[in-house]
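Order as written gives the chain letters A, B, C, D and E; numbering starts at 1 within each chain.
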Amino acid sequence: MTDHAALELEHVTLRIGGAHILKDVSLSVPEGEMLGVIGPNGAGKTTLFNIVSGVLRPTEGAVRLAGADVTTQPVHRRAAAGLGRTFQTSSLFPALDVLENVRLAAQVREGRAASVFRTPRRTDAATRRALAALEEVGMAQRAGAGASGLSHGEKRKVEIAMLIAMEPRVILLDEPMAGVGSADVPALTEVIRGLHRGGRTVLMVEHHMDVVLGLADRVAVMHHGELLAADSPEAVMANPTVQSAYLGSAA
Amino acid sequence: MDTLVLLLITGLGLGALYFLVASGLSLIYGLMGVLNFAHGAFLTIAAFLGWEAGRRISDGTWTGLAISALVGILVGATVAVLTEVLIIRRLYERHIEQALVTVGISLAAVALFEGIWGTDPIYTDRPAWLTQTTEILGARIPNDRFLLIACAVLVLGGIVLFLRRTRYGLIIRAGVENRHMVTALGIDVRRSFTLVFAIGGAAAGLGGVLASVYYGYVSAHLGSVLLIFAFIVTVIGGLGSLTGAAIASVLVAVLQQFANFYLGGTGDLVVVVLLAAVLLIRPRGLMGKAA
Amino acid sequence: MTAKSLRLVIGGILLVVALAILPLLAIDVPGVLPGPTYTPGTLQLLAFALLIAALALTYRMMFGLAGLLSFGHALFFAAGAYGLAMTLEAFGPAEWPSALVFTVAIAATLVLGFVLAATVGALALRVTGISFAMVTLAFAQAGSVLIRRNPGSATGGDEGLALDTAHVPPELVGVVDTRNLYWVALGILVLVYLIVLWVEKSRAGHVAEAIRENELRVRVIGIRPYNVKLLVFIAASVLASVAGMGYLLLQSGAAPRIATADFTLTLLVIVVLGGVGARWGAIVGGIVYTLLDQRLTALAGSDAIAALPDILRVPLSEPLFILGTLFVLVVLFLPGGIAGLPARIATGRKQHPAEPEETVDA
Amino acid sequence: SGGGDADGADAAPVAIGMITSETGPLAAYGEAYVAGFEAGLDYATDGTGEVDGRELEITWEDDQGNPDTAVAKAKDLIGQGTKVLAGTVASGIALSLAEQAEQNEILYVSGPAAADAITGVNEYTFRSGRQTYQDVATAGTFIGDPAGKKVVVFAQDTAFGQGNLAGVEAVLGGQGADVQGVLVAEDATEFTPFAQQLIDADADLVFVAWAGASSGAMWTALQQQGVFESAPVVTGLGDVATYQAYGDASGDISFLNHYFGGAAGTDIEDEMITRLEEAGAVPDLFSVDGFVAAQMIVQAVREGGDDVDAMIEALEGWTFESVKGEVTVRAEDHALIQPMYQVRLVEGADGWAPELIETIDAETVAPPVVG
Amino acid sequence: MSGPVADEPILSVRNLYGRIAGQQVVEDVSFDVPATGVTALLGRNGVGKTSTIKSILGLIDRSGEVRLAGERIDRAPTHRIVQRGVAYVPEDREVFGSLTVAENLRLAERDRSPRRELVASLFPDLEARREQRAGTLSGGQQQMVSLARALVNENRLLLVDEPTKGLAPRIVDEVADALAEAARTAPILLVEQNLLVVRRLAERVVVLSSGRVVFTGSAEELLDDHDRVQRFLGVHDEREAA
């Protein structure tokens, strides 16, 4: 088998104290797929992302990136190997300005991101890449603003720009639309579609069903720490458990 | 055998003293995130004024000591409250700056005390019983150690009850985390913080008076010496954990005694190594909560 | 931008030149300097202030840039001073020419400083926040206790270690040569400044700043914070030893005081006084603090103070009381320190601290 | 060195730099030293402050107990043309100043700093006080013939304590005593177990060398554990502030002493005390060091003028009458050969006060020649 | 305490200015919140909705005139304002992570007889997690704690900032139900991006743009006017925003 899935989870289980937070989750995401992850609050979606990105270690089971077992690898290794993510709550470096935030990510792609022998310049490749990424999310005109002064929606966009600048192969988006004003949802949806179009594998937790349905190739449903189903959007929407446990009357 | 008993019990006594200082420190840090370098100054001023009062009213008697202790507690609490209200409060949620001002206060206070009471230690009198010894298993234990241990136990119990049994405990813990949100729930969080400082200061005040009993003198540097150990104990025990501080106090003091005696006076080195080792193995300390 | 930075560079060079020709001038600033600038006493004081400024600059690099609050920085300063004193003595008997002994001793001390910094840093950086501060404190305390214990009569204990001048270039010995020592101190400050500038402007510097804000976030973009922090720690520590060597030459000896936690606290006070926000803040802080300390002592002993009633005389005759109070006032009312002054005057508005970090849900 | 140019310069004042702790941990010692110096200067110049018509221009500087400050002040003074430095109570600072004196070829008269290392450190350095060796040798005289006796030194593990142990080993060990040290970490606060150790050692003499605030607790511990019943205990009697530090143990201790008010009974002592009292001071442990320093400086200037070599020559081997009687500046290593005292504390209306038992002859306690 | 006169607004904001870090984020904002029903505060990202609410509560530097049932509250400290019956549900949940769910709720109880049953019935999931530390709750669960803290007391006014953010669609429904229920006893000032929820709950809307009020009126008037929706909120069809 040479063609590995971009991301594979095998029997991933997580217990913290007495709580059984993830129960035997197995999932394989082929290269280039956009996978929507939905499920009620507290189902374990963010936890799953934390395990994939290395913030948490599973109690049992394995995580594979492009065939390589990364279960015990630290966060930064996985990131350097091409795994990017955003957080459910925006997290930027508040003391840096927008451009510097994104440029940090761009440097990683170039290598020697933390070298003392390299000085960032306005004209270097990392800066250009960062500016391009900001352009793509429509934040170029805010490049010089301090990150702490951004509104919620702006922060979200800058985070995505950081992802773009990192050029990861696998991307985890945790509720990218949360708190984004209605006006910006379509634009941001396009940005995410763009992320995906480049052939990248994207996993996205999102409660905005239109966005999920509009973007995802496949939708995984989590419930009480279990993976209920991973199927086409239509099939998932038709699933009665999803209907009752998740969507309610809003469907 | 008797040396062993002697080392153990005197270690316990010293641990009690460490705890009396550390309790306030740990309380204030744990609940408000303020690393209070001025704590030693609270202790010293309480010891000085306690001594001044005790000696005026009746020197070297139990009454005198009781008065000293009372005055010490009041002074400690008052000074702490003043510090909180006048200085710390203006810097709320800026923990680094808060620690910094307390550094400034401690520098200034020690200098001021030296200016007022001089640089020499002032030797104190105490009730005769405290200068005598009681024999336990062949070891002659100085009686003041029992007083220290008793006071430390009382303080530990008192503070733990306060935090468990009153609503203040809850307010204070929440306030540390997100002060704005506590006010947004309709609670005057400043009052609670002032109360914490008062309690911490009172514990330091009592510690100061007892320290002057233990050392037999008061001096401008009384607090600074104890403060270092109180810090170490607080950190080893786990920041904010009172029981942790209590356990660590005893551990540190006993270890220090043994190392000083059997390992050629290396007590301080051993304590410092212990601190580094505990933190490297368990960054949160023995009983600290997860960050 | 380039025009502005060019102006800055030229301004900097002019400032250094001005400082360098100070010993050739007879500028008298009564109340600030003890005498005209060419006198040895004044030069000694100024040289000392420059070295403290250099040390404060290294401390700022850790604390201000990377957010590493260390309570053990004094250890490395002491390592430089004691290291050079001890190696000079150790190489003393060798049959080499003095210049060679001197150079080798300096090189050996640098290596010592590096090894010490790498060891302490590698261990202490395994923890963060207050724990990091305490582990560094622990190492520094251990160093301080060792120095005072005088193992094998190597450190001179309480009495400190005198500089063995046998192999020190004669230009650096004696009061008439204080001028040369002043230039050495100025050289060290410039060197430290340039290296600090270089580190801060590099990618590593930016990453260090990001780590200060949000460590997990840095890991998630694929950088290991540990390496960067260690780099900053080692750079700052080795530079501190360089300042320590300058101190040894200037003072003709090393005293155990420079290894104490109190000394580190003084550094912290200096950096905050000067302003964490800017490099020049640390420099100004170091110089202002040293001069103040000296002048306040002079004031304390003055007749004007002695004539005051007790309630004023007692506090005013304690320099540390005034310094401590001043420091408290600066933290309270001048959050950016001295370096924050221009901006405050410009905006005329109170500065707020950055918003508390957002929590990462993990 | 630029020797004093003849005539014209003669009337010019002589700059004397006095550096000592006026603030900082040793400020109290500094105060006694300063008062003693003023008295000595007044005595030695007959109240004129001049030597042969030349004014002694005295500049006082505070070293704050900090060598850095001391060195800076010294350099400043030297830079301004000071020919004589004197003072300081801390041995570490005294050694730094001695170093400056040598580098810059000026005279230095060290103050109360006790370290033996100051004696003979270089040709420019003299001392006006006693040194550790003399303390220890004094204690040695208390036990008759030390040969075969067991002496335990109980001291802090500091330069001062180590110096005392080394001193006892040299003095009493040299005379055949079996010397053993119990050194306690400086920051230790608990002394009971060590007291136990002293009893277990079963010594003929316990020599205690202790400085600093923890003395009170240490003595209490010795007393509580019964050390005084097991062996005679000897220690140095410090300044007035410490007289009450020994608590109930006071009567049980034999003290060696450098000086206390009234110890000497000489005329010059009366002169000093009168002057001290006029200035509102009391005679204390280090008053004499200041007094002697003034006498030495006046002598050096009188005989040597501005020339440091002449000053050195004037002092080397100089024998003179001082507060404690006849004292000699030994030519070889500049040690100050002086009598010492054996003292006890007796309780009076104002608490404990010293009482002289015996004066120990200067030669008996003279340190061996350095070098 | 006399009940509010029927047509007197419960909250009236006049010329409110707010500053964060020396930067003006609320500029001369004036509007009223009637004594009944839900008033929605709308606007694009970053226009200053959250800041307006924080200014009302005194959580950021503010100046201007704010009246609660006729009484000035613009000088009162936050806790006093809240004690007068104003509850706040912040944008970022702001639960006390180191406290348990039960402790979070207990802390919020101001009334002598807090409405614990109501909260328990609204958020059964929380009941099961009473002893869990709030910091370990999922994002949505934290949002529930945050809402529960406000609803546990009787209030005269609720200030609710984006309560449905990050909630599963079914929970969004439930929260909307809960708010509708709450609105029957106390008026609500609601910041919300989900226009479906706005349409369902709000009678009146206030629209902000760059820190200023640009529209005040009935919800229907705004939402049915596609032009205005497009102009103020940048949305063509509200369904798109759901």
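Observations
Just so we're on the same page, contacts are C-beta pairs under 8 Å (C-beta built on N, C-alpha and C of every residue); 3 or more make two chains touch, one makes a residue touch a chain.
Just so it is clear, the model here is predicted, and its values are computed rather than measured.
Any chain bridging chain C and chain D, meaning touching each of them, is among B; the list is complete. Set against one another, B-D and A-E show the most C-beta pairs in contact at A-E.
Taking the mean of the C-alpha atoms as each chain's centre, chain A and chain E sit 29 Å apart. Centre-to-centre separation of chain A and chain B, using mean CA positions: 48 Å. Averaging Cα coordinates per chain places chain B and chain C 32 Å apart. Spacing of chain C relative to chain E, judged by their CA centroids, is 51 angstrom. Multi-chain contact residues of chain A (touching two or more other chains): 46, 88-89, 148. Each of the following residues of chain C touches two or more other chains: 317-319, 355, 358-359, 361.
Within chain D, contacts with two or more other chains are made by residues 23, 157. The touching residues of chain B, when paired with chain D in their complex, are 2-3, 6-7, 10-11, 13-14, 114, 118-121, 123, 131-133, 140, 142, 214-217, 219, 221, 225, 257, 260-261, 264-268.
Remark: chain B residues 35, 37, 87, 90-91, 93-94, 96-97, 100-101, 103-112, 114-116, 228, 231-232, 235, 239, 268-269, 272-273, 275-276, 279-280, 283-285, 291 touch chain C in the complex.
Those residues of chain A lying in contact with chain E across their complex are 16, 19, 38-46, 88-89, 148-154, 175, 178-186, 207-210, 245-251. Note for the complex: chain C touches chain B at residues 69, 123, 126-131, 134-135, 137-139, 141-142, 145-146, 261, 265, 268-269, 272, 314-315, 317-328, 331-332, 335, 353, 356.
Residues 46, 50, 53, 55-56, 74-81, 84-85, 87-96, 100-101, 103-105, 107-108, 112-120, 122, 148, 162, 166 of chain A are the ones that touch chain C when the two sit in their complex.
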